[in-house]
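Two complexes are shown next, each including subunit A; its partner changes from subunit B in the first to subunit C in the second.
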Partner chain A sequence: MTEAPIIRRNRPGTKQADFYGWPDELFEEMDSTLAVQQFIQQMVRRNPAAVDAILTAPEQQDEGVWKYEHLRQFCMELNGLAVKLQLGCQPDTCTQMTATEQWIFLCAAHKTPKECSAIDYTRHTLDGAACLLNSNKYFPSRVSIRESSVSKLGSVCRRVYRIFAHAYFHHRQLFDEFESETHLCRRFTTFVTKYGLMTKENLNVPILEDQAPAEESEA
Partner chain B sequence: MDTNGNDNASGGGSSLGGGVDLAKSPGPGAGVELGRRGLPKLREIIIRNREDSECGPSDDIPELDFVYADADSLEREVSELYSFTELPEFALNQQHYSDAVSELGLDVRWPDMSEAQRTAVLLSLVDKVELARRDDRLRASRAILYISQGCWGDLHTPEEVQSWARRNALLLYKCGVLPVLIDILNLEIESGTAPVTAVRKLAVSVADSSDLRVLLSVLYLMVEQMRHVRDSDPPEEVRLRDAFTQELGQPQDTGELLAVSLLGMVSRFCSGAAPHFPMKKVLLLTWKVLLLTLGGSDQLRRLRTAARAAAGLPDVPEDTVERTRTMRASSPPPAPVEQLVDAVFGPQRPRFTRSKVVNGDAMDAMNDSTDVAEEGGKSTETGSGQPGQPDRSPPRCDSPRPETPVHHGRALPWKPKVHRRDIEEYLTVSRKKFVGFRLEDDLESMAGLPQPILEGRYILDKHLYRSLAEVQVEREEEISASPFSRPEQEVPQTPAELLFAGMLPNLPQYMIALLKVLLAAAPTSKTKSDSINILADTLPEEMPVSVLHSMKLGIDVNRQKEVIAKAVSAVLLLLLKHLKLNHVYQFEFVSQHLVFANCIPLVLKFFNQDTVQYVTAKNSISALDFPRCVLGPQVDLTSETLQLGDEQPYCWRNVFTSINLLRILNKLCKWKHSRIMMLVVFKSAPILKRSLRVKHAMMQVYTLKLLKMQTKYLGRQWRKSNMRTVSAIYSKVRHRLVDDWAFGNDLKSPGFYAYCKEVDARPWDYEAEERALRSKVDHFIARRYSPESLEELEPVDVSLSSVLATPLELTPAFKANYRRWLEREVFQQSTDWDKLIEPGYMG
Partner chain C sequence: MKLWNLKRTIPAKKSAFLDVEPIYTFRGHVGAVLCVSMNPTGEQCYSGGVDGTVRVWNVPNSNIDPYDAYDPDVLSLTLSGHTDAVWGLAFHTQKPQLLSCSADGTVKLWSPGSKAPLLQSYAAEPAMGVPSSVDFVHEDCSHMVVAYTSGRCAVYDLETSKVVVQLESNQNVEGGAARDQLNCVVSHPTMPVTVAAHEDRHIRFYDNVTGKVVQAMVAHQDAVTSLAVDPNGLYLLSGSHDCSVRLWNLETKQCVQEITAHRKKSDESIHCVGFHPTKPYIASGGADALAKVFV
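Here is the complex of A and B:
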């Protein structure tokens, strides 16, 4: 039996139910320059709840690229949360970017950081992150990444994480909805902890099982 | 060295010791000199000495063992960052740090923490730096400052503090503190509540700038730690440092270089819009950022060698900084050359008669250096190298010429240089004399010229020096002459190039601002009500009441001024040196703006003081220097502890500043006739002569260079009464083989050297010289930095159909009134088109 070549592409007119309806491919066989992204997305589609599996890098994978590609993926998927937030988070009710009531954060996506409303912070930060991660200057290649650029990832993580925190503390219902579909916050938390991009003191959303007490101390 | 004979001078202690002393002095040179000069000379010397002694005793100044470097030691550079008024803030920073740590539930000393714990502390602090409330931010950044200072609270010795400060600086960078701090710095520059309060209050004090000072301090400490390279650094550190340097050298996310933002702060400060900006820290940081990104003198040397090699030129024969390090200072006022030579080679050396000594030594030395440079024995009879000189070549000379002494290769500190145009001039003159007609642009044919001329030619050729600037100028001419066939290749984005492009839009303002600050920091400047107040960040909120505290404040204020002067001078010098290497027209652009902003009189004003006193000033309280002020038992502040300066006989920063300023002046004036005339007009000679009293070879060399440039304009009288200075110039400054700098006709030579040819015709027209240079520089800037200026070189679209097909959006105002336009501009205008074809109209 001759096997028709598999075309991994969503043709125009594909029904939503049939999206990505192709068999998985082994990482070793992916030969495009975007293999890492392809691999991560494949793992996410297979089971978004299998956080550890998704975050396990293939052998001999460059760590910088791995972190970079994951962060890209987070930012892309976070747009889903941002869309949900646009329904519930209004600039006149959430005038400031807060997580717990204690801290108000500046929006760093501007020439000079300034105070934006929560939803603007979300949009600006995601835009800023997309700009940075796609910038030719810092990330000219997706195969190897300069060390000086890897250091940029930490601050992107920190800024992006605040979106989760805001959603969790102020729009719990939206957050839960989103989290049950994507497990994104859990994955993100595991990710930043695993690669030391943030410390557990900064991770104030009690999403991991062993993180539960953190909520009390923060509140 | 040669002051022995003068020590017996009484009272006034003038270095020459008066004519009688001179006669007694054991040096044979002095005796010979006196004998030849006769009585009128003696009287002159006595008069001169009286003048000299009026300036105070100078003989007791020991030779400074100052070694010029890019910066002082790390410890001192760090301690100069803080003013004494900031002392209470050290404890405050520590307090905020302990609060932050205990908030995290950590109860460990910083050195005992694990690397992960330290990272955790830092990351949580960095998170808080981005908070919206100013107080929260300030608390977090203060804690970070404490960490970058090395967490001295848990340590005991300055060495420990130093090593932790280094480790922490690396850790800070690893945790991504740099971009966050720069972001927040931009925020504080732009907004900040301080200006309102500062403008309202009449006196700005240290409290108005706390946010900025903390941020700038952290950045400064990081840069300063990264700047210091040690051989023992692990490769990890080297990698981090390289990444750090690269990041600082690249534009930030805002598209602006950090150095440019900082220069922007200086110019905003000078415009009066932000009187609370802590200038000292801004300038120190600017300097160190430039030093790190552009590179210090080692890097400059490497770049120069590489650039010269790329242009097909040999490396420069010697490095000024290196060479002056091994030179000895002349005693003030400079000793005659014989004594100097005696001191070096021993007094038994046979002497010429007075009239020939100066020239003879110089010539011998010249021969020697050529001997060293050349392998063949041919140059033994090269004495006839100078045109117009009587033939002195040894074999044919009747006068008993002694054996050429062995000079151990250090007879003349510099290899003499010859400009290509000197050779042209030399050939033209010789041909006119021996052949009788001119040969333009022909350096090769030597027909009809006698042997001595050929030999002279040979010597000149051997010393021919082509500077990188000439190559760049020629290349630039080539590009503008044939923009399409020989266009500019892609400009390499070196750090200097990036910096220049970044500075270009506001470059004049930056230069003016830097000079304004320098003026305010000059020790001779009087505080005027309208001048800028650079001391805002030393003044405490409450003025001191006790004598002791006002003494402390007085020292602090002077120290602040010195540090600012040091930073500004270093920034300017670095800029000039790097831009000159990058492209000479960038250098000319900056220097022209400096000259227009009155840099030359300003620097002269700076030296119009007792320079000796300035370089030995002691404006420091070592007990209050960081880290001593926070470590160990604190001494009570008494008038004795105030007196306890460091043990150095000179003030490093002031010597450094003086040398920098002299170098800047040299850079500005070299080969620029109009600017040399400014030196003359502003009566720089006596000022510069006074600063020769500082016994430091490098400083004297740069001063003598400045004097050499203008000697021929100072007149016979000046030369006569300053022969010692002239001799010092002979012995210390590089010779230009055919340059008649001291006695030359002042109308001929300058244009002869200037590399703008058209100025030659009217060398007395100084403005024309500047204008010609200006237009070249402007052309270069327009060509390289605003590509739209080249549009006129693009082919013009002459096809009627395509021109008419170009969509053109007319403005609504035009659309509404087009009838009137048509009436006025088309129908009523009568154009005599026939004129076009008349002969002569279009050439």
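Here is the complex of A and C:
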């Protein structure tokens, strides 16, 4: 049998266990405009718990694009948590979006911020984030990100984080189930800390055991 | 899974195409959604996923506010039965029946509205392989056509589960190489013809009565992934991993238009194509996370 070229496709009929059953590709060899997304997804598949490795950018990778693609990936993976919450988070028990007792979060997806129930907040925030990240107005290209649009990433992170916080404080079992499979909260917290996208006070889920006390002043 | 109202476009400054935002997001599957179908009235839609379930959804009104309250009743039913990824779905044009094919090796027939939704389960002989695509035979609705990853394809009688005709395949019996795979099969709306999309870049037309290949053509420069026939049976649409969508005149089998759409991700480009049932629109869905509608 001659050596067949490796074709990275999930053809129809592929069994769930065989999905993505192809050898990893080196970033430098990825010949696609979607290489960054491919690379991140490959790293996540290889080991979702290796948070630092997943967040390490290849050399000379544009930081704006790196942050953008990671945020896209987080929003996509968070749908898994949203699906779990749809079953467990009822609008009559979680009538507002809260984490700890301190704050009620208003949903920014409406013309005027609205006090949505927790499940509505979760769905609207994820849908809104997807629309924003896909919008041609702010992100016309996936290969270079405008400076003016980079600031949008921070507010998306802040809102999206609250989904983790609500799940942690109010639906602990769902949160633990999800986190043990995906390690998403830990990766997200490490991501926003690494790139300064959120201030420490807002990170109220105690996910990083080795969270060092804040040295630098927060912007 | 997202629902779009094509009439609601977003004003964009200078653009050859219009941006549209989804009006509804269906969440329910655990893992990727692999196939979608709708019933002829557009009131219900169906999705099959990697998690092995088929879900029946009530389609919300097209004027819905995308940021409305969550209505758990949108998910009407979850059909569990398959034990592996569901890759293909087909809804009957006249009866409320749904066919699904899965990597678990079976094809199942469902009647989503009734008390016991699973009507029948069909398992093919192991030699046929794993089903990759399924369609009702439009011209004789007691039949279905199933395509397999082995490159084989057959028409079955839905009631007896017996093979009516095995469509000729020119692959080796022991072959089973990935190149032979059949990716998609569609039934012609009016003639006893089945059209099949192959991984080896061909589109083949089979006569449903004799099972023979009526015509074969190299349609694309890479695997052909999806097919759609317009409701009048005049045109065929094909999508391929070579990043192009092609429109073919079914009578002459000539390509009348080629549109380069979608960028490649790994080695995948276009996953599915479709015709609008009444308006002159065609659509394609790609690995680059874009769904495009062409006029």
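As a working rule, the second predicted complex is superposed on the first by the 208 of 219 C-alpha atoms of A that agree within 3 Å, B and C clash if a C-alpha of one lies under 4 Å from a C-alpha of the other, contacts with A are read in each partner's own complex, and residues count from 1 in each chain.
Please note the rule applied: a residue touches a chain if its C-beta (ideal position, glycine included) is under 8 Å from a C-beta of that chain, and two chains touch if they have at least 3 such contacts.
On a predicted model such as this, the values are computed, not experimentally measured, just so you know.
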Considering only the touch criterion stated at the top, classify A:E115 as touching first (subunit B), second (subunit C), both, or neither.
first
Regarding the shared-chain residue A:F105, is it in contact with subunit B (first), subunit C (second), both, or neither?
first
Could you look at A:H166 and tell me whether it touches subunit B, subunit C, both or neither (first, second, both, neither)?
neither
Identify the partner contact of A:Q38: answer first if only subunit B is touched, second if only subunit C is, both if each is, neither if none is.
second
Based on the superposed arrangement, let me know which partner A:E201 touches: subunit B (first), subunit C (second), both, or neither?
first
Of the partners subunit B and subunit C, which touch A:K137 in the superposed model: first, second, both, neither?
both
Counting touched residues of subunit A, say whether subunit B or subunit C comes out ahead.
C
Tell me which partner A:R186 touches in the superposition: subunit B (first), subunit C (second), both or neither.
neither
Of the residues on subunit A, which ones does subunit B touch that subunit C also touches?
137
Sites on subunit B touched by subunit A in the complex:
104-105, 116, 119-120, 123-124, 126-128, 130-133, 136, 173-176, 179-180, 183-184, 186-187, 189-191, 239, 243-244, 246-247, 250, 253-254
What residues on subunit C touch subunit A, complex-wise?
10, 12, 15, 19, 21-22, 25, 27-31, 34, 50-52, 66-67, 69-70, 72, 84-85, 87-88, 103-104, 129-133, 148-149, 177-178, 181, 183-184, 199, 223, 241, 263-268, 287-289
Subunit B-touching residues of subunit A, taken from the complex the two chains share
96-97, 103-106, 108, 111-115, 132, 137, 146-148, 151-152, 154-155, 158-159, 196, 198-202, 217
Per the touch rule, the subunit A residues reaching subunit C in their complex are 4, 7-16, 19, 22, 25, 32-34, 37-38, 79-80, 82-83, 86, 91, 107, 109-110, 116-117, 119-120, 123-124, 126-128, 130-131, 134-137
